[in-house]
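Here the chain labels run A, B, C, D and E in written order, and each chain numbers its own residues starting at 1.
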Amino acid sequence: MMIPFGHALAFAAALFILGLTCVLLRRQILMILIGVEIMLNAASLVFVAASAYWRQVDGQVFVILLMAITAAEVAVALAMVVYLWRRKRTLVADEFNGMHG
Amino acid sequence: MSLIDLLALLPVLILAFGGTAILMVGAWYREPRPLLAGGIATALIGAVAAGMVPPPSLEIAGLFSAGGYARFFTILWALLAAAGLMVATRYIMEKRLGAGEYVSLVLYAAAGMALLSSATHLLGLFLALETFTLAFYILIASNRRCEMAAEAGLKYLLMGAVATGFMAFGIALIYASSGTLALPDAALRMTAAAGGLQPWGLLGWGLVLIAVGFKISLAPFHLWTPDVYQGAPAPVGGLLATGSKGAVVAALVGMLSLAGPVWHDLVDLLWLLAAVTMLAGALGALGQKNLKRLLAYSSVTHMGTLLVGLLCQNTEGLAATTFYVVVYAITSLGAFAVIASLADQRGEPMAFDEWRGLGYRHPVRSAVLVLILLSLAGLPGTAGFMAKFAVFQAALQSGYLGLVLIGVFASVVSFAFYLRVAMLLFQPEAPAVQRHAGTAPEHAVVAVCTAAVLVFGLFPGILFDLIGRLLP
Amino acid sequence: MSTLATLPQFPWLSLLVLLPLAGALLCLLHSGRPAECRALALATSLAVFGVALYLFIYHGQGDGRWLLYEDSAWISRYGIRYVLAMDGIALLMVLLTAFMQLAAILLAWRVERQVAGFFALLLLLEAGLMGIFLAYDLVFFYLFWEVALIPMFFLISVWGGANRRRAALKFFLYTLVGSFCMLVAMIALYQIHGAQTGVYTFVIGELLHTQLTAAQEGWLFAGFLAAFIVKSPLVPFHTWLTDALTEAPAAGSLDLTGLLLKTGIYGLIRLAFPLFPNATAHFLPILGVLALVGLFHAAWSAYHQDDIKRLLAYSSISHLGLVVLGLAAWQLTAWEGSLLLMVTHGITTGALFILVALIRERTATRSMQELGGLWGQVPCLAFFFLFFSLASLGLPGLANFAGEILVLLGTFRAHPVWAVAALLGVVFAAAYMLRLVQGVIWGPARSERTLPDLTLREWLMLLPMALLVVWLGLYPAPFLAPLHGTVAVLLAGGLP
Amino acid sequence: MNDSLLFLIPLLPLFCAVINLLFGMRLPRLFAEVMAVTGVAGAFALTLLFWGHAEGDGSRAVLFTWLNSGTVDISFALNFDRLAAPMTLMVTGVATLIHLYAVGYMHEDDDYARFFALLNLFVFAMLAIVLADNLLVLFLGWEGVGLCSYGLIGFWYRKLENAKAGTKAFLVTRVGDVFLGIALLWLFALTGTLSINAINAQAAAISPGVVIVLSLLLLLGACGKSAQVPLMTWLADAMAGPTPVSALIHAATMVTAGVYLLCRFFPLVSLSAVAMTAITAIGAVTAIYAATCAMAQREIKRVLAYSTMSQVGYMFMAVGAGTVAGAMFHLLTHAFFKALLFMAAGCVIHLAGDENDIFKMGGLARRGPVELFWAFLAGAVCLAGLPLTGGFFSKDGILLALFTHPDPLYRVFWLIGVVTALLTAFYTFRLVYLVFAGDYRGTGHPHALPLLMRWPLWPLALLGLAGGLFNLPVFVGGGEALHHWYGTMAGREVAASHDVEWMLIGLAAAIAAAGWLAAHWRYRGYRPPLENPVSRFLLSGWQADALVDRLFVRPFTSMARFCSAGCDRALLDGTLDGLARLVSSWGRMLVQLTTGRLTTYLSAFAWGFLVLLGWFLLKLVNGGGH
Amino acid sequence: MTTALFYILGIILLAATLMCITRRNPVHAVIYLVAGFFALALMFYLLGAPLVAAWEVIVYAGAIMVLFLFIIMMLGLAPQEVPEGPGWQRWLPLALLSASLMACTLLLILEDPAAGQKVGGFYLAPQALGEALFGRYAMAVEMVSFQLLFATIGAYLLGRPLPKGEDQ
């Protein structure tokens, strides 16, 4: 397989934008988190493509570690989701607006 | 990972393993005092280790530096962690939080901050950043009895997650354009136009900047700051305001010193960010009626000013920024320590109404708070002034007159809101209710911060000389 | 300077700054015991006054060089040095500060609330003022310049009148804007000088010889001017003062009008003029016109006031207009007159503010509508009020006249029209001062109840001032003597 | 004898004033009274003692340096010369009598210490003017008399009108002082000295145009103190003060300061014909103006006040006509008889039960001690210029000088002088008739007249009537003693043929008689005052107060309102408040972004990213990727 | 052939993601995303990263997304009743963003010679990756392990049930 590097980046950029769209448009905390996952995967795609482009191992290493970190973060995030659900019985992000100004 | 690396990493290892050990002990032994004492001791030992044990190499595993600069910040954050724990003692005991978990998280965050300040590799940077951010996610929301804490935790977490997304994508782009994650190379290869992918790399730097901007709350990524400061308990807020921001700035300073020319392309963007940030913070604080929110906005202004120092691509600027970070960290911690020391069953005093006339009940701490606020504002004779002076000096030297003028305007506005609080404290009409008398550790932290504010204000040479020798 | 600097000498100047500072700290340490605080503050200010007097008597004569000079390293990274220097002008201001501070502390005797804080702030203010008058390094100067604001801010905002918070903030922010302009200009000058000579320093004496282009000089001068004009205050930058003076507690008003305002003019003399001679030359005509406008504007405004404190505030502005006019004339006699007038104005207006405070204590009002007939009720107080009012309106033989006539004589030589216009202002001064006197001490008594006349403490405040007013009016030579050399050197475009 | 002892003359009253001021109320009343009289009488005695010092070029005494700065070197210095000596003698002498009178007058007033202190201080200030060696010392006295008149006019301060009258006097005279001040500054700039003699010596070197302006400035300064047109409005109101004050300040001494000033600077002033004409014109206008006003006044002291203005006008005319001796002669005689008149008027008011209105008096010759009537009459005939009185000779000398002046314009002034003399005689006798003739029309109860209020009248009456002897013209057998005493300072030699002199003297006598007859015809029997527009106009002093009010006071107050309320409050404070509001409204707008809703915060990320991309695009398009 | 496959997979990825972010039912969204991640894993494989591809399936699709699913099920989240009616204010930045990012990408691809360089033909054996991970990057792995430890603690602290009587 041989594809221009730019095309891989274009896919990644599109994916990133989709993830960002999800973050911005959705109001439910879980969906916002899913949007973040999409963004992270876009980053992974760039890393892997660049790794291939530069013929290096570093990019792939970064992806592996990124996955692990994401896992850790998701664990905490989901625990937080459960905690919030218990408190307020809602996961709509904008409902948590006790402080402002 | 060789033995040399481990030795060089010793202070961080002490913090991380000490934290883990206290976590383990805490699982069986729930008495908070010894755990806290252990935590404080660990942090202090870490600081001592960083100061006393010379690193066998200047580099750790290609990811982090173990040079003087890194060590300096390691000491600073370790001390900060110790101070944070001292301030948190009463809070933990009164709220019956798990001391083991809390202590270990703080130590773990300190380790992360120390690593971040010494990162020389984008992977190290990313990991260290994630490390202490994760700890803060938990710490902020750790008081599960508090509605606001939960909200603050959620806001910080979601924003943080999105920032992580930006960060990862940005680093990926940098990597794509330069083919390396090691910092000097990553920056250098871009200017050398290796492969001509420079623009992607620039975009990557921009994205990293957004993520960093979130962490140190640059406008317009600062919106979470007041909410989180308000919601988070003061001991955590203190760490968040000082360590988490300071470490990121320290990392930026490190990166900048390693990655000189690439920032050249980002100058106008940084200029804009700095200007907007200074203004947004100062103006936002004007209408506040809550001290913690006010401190949040003030931190925004300060970060903008810091950015001005960073913009100056010379050692003057770097030294000024470093000085500023240290001073800001100390001062800010002092402010939060005062707030924490006044907390009682009714919670922390936050709304202005609760502060009105407090100077008549607690004159010493009120006076200290006034001093700290004035230092934040930049009154000559306090450390805050020397910091601002250094930054403005560097900025003028680099020709950023516009930024300096904006900074001056922001400073004037800042004086307005700091002084309003200062006045409030000594208004005679409605004497405030008695608050908590504070404990010895809290007083100690407040005293040390006050002393530092004065000493660094009157004799800044001590710190400047140190920084001058440490700068990479 | 070189010989003086090398000689080991007792650090008198540091003592002047540090004594009040130490007094302030001691006051804070005795915060629970008001009586001790009062005694401490009085003792401190007496000691400072003693030192100042000693310096006046034993070090007061000079040929325009520094009378005393202290220099040691401070922040070497930025070339900031700990330099305290005293010439004739500084000596006079130091003496005035020490003297007025005594009166202020006596005046503050009756403060009930947070006594320790009040006295500590007063002493801190004194330290700041001493620093302003003595510091000879730009950053060091700036330090005191700002530090002096803080105690005044708190004096107003905590112990002041009904609108105190607003007035305090206005006072602080207004002057702050000016100060920041000065700070930026200072740093710029530092860098220009450093780039030229390779010597990065903030010591004023070294910066005198910086080569500046016309544009640079203009901008930097403007920066310094911003600070000093606001502080002076020249019209139209004066509205902070009327509010601040009106709202400040008695001792605060005394210090504000007697001392703090002088710092602006002192700054002009000490920093702005010597550092930027060419820009100064261009600016002097504008300064003169501004001063005249201020003189008249303030005199008119004063005539319209009902609150006697506000009236006095305007009268201060008007008088300072004359002081600035003398400076703008750039003439030896006029300068010495201006400097003398600064001192005499400090004493006379200060005394009037004291009297207003005493009247307020007794009658609980400051409105001319509600006052009157005090001569019949408190004759001694009323006499002093009349006396200082007359001094203030420039009656020959009393203090202000000596300064005013020197200013006018000097100014007439350089700018006859200015002097003539300023003379007209003298009538205006009589108009508002006499209106004040008429409203306060003449006329029928407004209340039946008997008011207490002056107490011993109040006599102690007023009598020395009155004697000094007569002395300065009839024989100002001892106070002019230290000025001759210094002013001549300054006018020649240099500093020792 | 040491010249420095001359300082005792002014310092003695000053010392007594200070003592009275500080301790007067704590010591016995007698002490204060003795102190006050001693101060002035002592000065009088000293003047006599030092008389010899005035001969020749006079004596100069320096006490100590007052101001020294650069070229300025001004000392407290006295100059006791031939111009100053008689004036000093007159001031101290008349003042002594007035002080004695005042002791009697004030014997029921409790605030005597302040009164005597001010009185003494006043004498001191007047002496400072008279004896001043330099302009600054003169200025000290100049302002000093202003201050003392302020304090004395408003002495009964509980009535606000009195205090206001004092303020008015101070302010209006201060306007004159400004002109004097300008002259002072200018003279110093021109000559480098303030010494009066030195200035006079250098006067010829000053360019003529400048001399004119300087002389006019001095004239205006003199107008202020001497209550000449246009700065005359304060004098009539100044009668609010106690009568001894009126006698001292507004008859004998203070108002003459202006004349004295012009005489002092005669060598300078006389260099300019224009200035001399202006002085004469001012004097003439004032003389006739005040005389007309005096005809319609109803209060006894106001009549006298206007007559003072009128007589001082004569003195100005004399200076203008070039005869210093003539001016000083009239000054002296006028001082005697006017002090007499005021003091007698004080007695009259006492007798009338504190009634000022002459239309509510009448018949006082029989009501009171008869010598009072004679004393008053003595003053009146002097004022009216009946032949052989002091006033007659001095006034005649002035008219002669005017008549003989080479400039034809002076004939007009002479005519005015003659007409004024007629009016003077008329209103003087109007006063006499209304006060003393007929039946008592008032309701007040007479106060007893203490002895001290009565006998000081006699020396003055004597001096007034015989005052002519001081300077009796040659053609009636006199020696022109005063003229010779002044020597070179006497001004122009008035030369006229004896025929002209006799003609003028006859005219003067006829005019005085005519005035008397007119008054006799009109006021022999009591008639109520006229109520017509003309008399109202004259009563109000030609509406001068209203004019000043409209021209100066109202613009001043409205300017004050504009500056304070309009400029400071509305414009400057308004701008500042507006700025503050603007900034805080920006703050509010920014804070509104912090909605507390996560979606807002997240979209801030998006906006930031957008800016980044925009910047990036710009860079791409501009730099082609680099 | 594989080149075409790459583009097909890419389009599947984008389509699946688009479906994911527009689903109102979170369960559906997660399922779509899992599908997308499978496609992504294959793309990784094509780019010569077999181990990463495997991890993508195992960790991302297999663990993380399942965790999401688990939470959704556990909390019994119904499809959102409130229709997500984003106003134009929320669309505007997005539209602008997408447009400008795409513009950037296009510009780069068209203008930048480096972006036109081919990638592919690179294969990184899992062994090499493993050696890098536990060799040069051992320290990073350790850090991540700490991260996971503390994440566990955090999850425990936050996730355990609220104390009695304090859950509202």
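The rule is simple: a residue touches a chain if its C-beta (ideal position, glycine included) is under 8 Å from a C-beta of that chain, and two chains touch if they have at least 3 such contacts.
All figures in this text were calculated on a predicted structure; none of them were measured in a lab.
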Any chain in contact with chain D as well as chain E = A, B
Chain ID, smallest distance between chain and overall C-alpha centroids | C
Centre distance in Å when chain A and chain B are each reduced to the mean of their C-alpha atoms | 26
Can you give the whole-Å distance between the Cα centres of chain A and chain D?
-> 96
Could you state the distance in Å from the CA-based centre of chain A to that of chain E?
-> 5
Centroid distance [mean C-alpha coordinates] between chain D and chain C, Å | 37
Shared-interface residues of chain E (touching two or more other chains) are 90, 93-94, 97, 101, 104, 108, 112, 114-115, 117, 137, 140, 144, 147, 150-151, 154, 157-158, 162
Each of the following residues of chain A touches two or more other chains, namely 5, 9, 16, 19-20, 23-24, 27, 32-33, 35, 44, 49, 53, 58, 61, 65, 69, 72-73, 76, 80, 83, 87, 93, 96-101
Check each residue of chain D and list the ones that touch at least two other chains.
-> 591, 594, 596, 598-599, 602-603, 605-607, 609, 613, 616, 620, 625
Which two-chain combinations qualify as touching?
-> A-B, A-D, A-E, B-C, B-D, B-E, C-D, D-E
Tell me, which parts of chain A touch chain E in their complex?
-> 1-11, 13-22, 24-28, 30-31, 33-35, 37-38, 41, 44-45, 48-49, 51-53, 55, 57-58, 60-61, 63-65, 67-76, 78-83, 85-87, 91-92
Touching chain D in the complex, chain C uses residues 170, 174, 236, 238-239, 242, 297, 300-305, 314, 331-333, 336-337, 372-373, 375-376, 379, 390, 395-397, 402, 405-406, 408-410, 412-413, 416, 419-420, 423-424, 426-427, 430-431, 434-435, 438, 441-445, 474-477, 480, 483-484
In their shared complex, at which residues does chain A touch chain B?
-> 5, 9, 12, 16, 19-20, 23, 29, 32-33, 35-36, 39-40, 42-44, 46-47, 49-50, 53-54, 56, 58-59, 61-62, 65-66, 69, 72-73, 76-77, 80, 83-84, 87, 93, 96-101
Show which residues of chain B lie in contact with chain A when the two form their complex.
-> 123, 126-127, 130, 134, 137-138, 141, 144, 147-148, 150-155, 157-158, 161-162, 164-166, 168-169, 171-173, 175-176, 179-181, 200, 226-227, 230-231, 287-288, 293
What residues on chain E touch chain A, complex-wise?
-> 2-3, 5-7, 10, 13-14, 17-18, 20-21, 26, 29-30, 33, 37, 40, 43-44, 46-49, 51-52, 55-56, 59-60, 63-65, 67-68, 71-72, 74-75, 77, 80, 82, 84, 86, 90-91, 93-94, 97-98, 101-102, 104-106, 108-109, 112, 114-122, 124, 128-129, 132-133, 137, 140-141, 144, 147-148, 150-152, 154-159, 161-162, 167-168
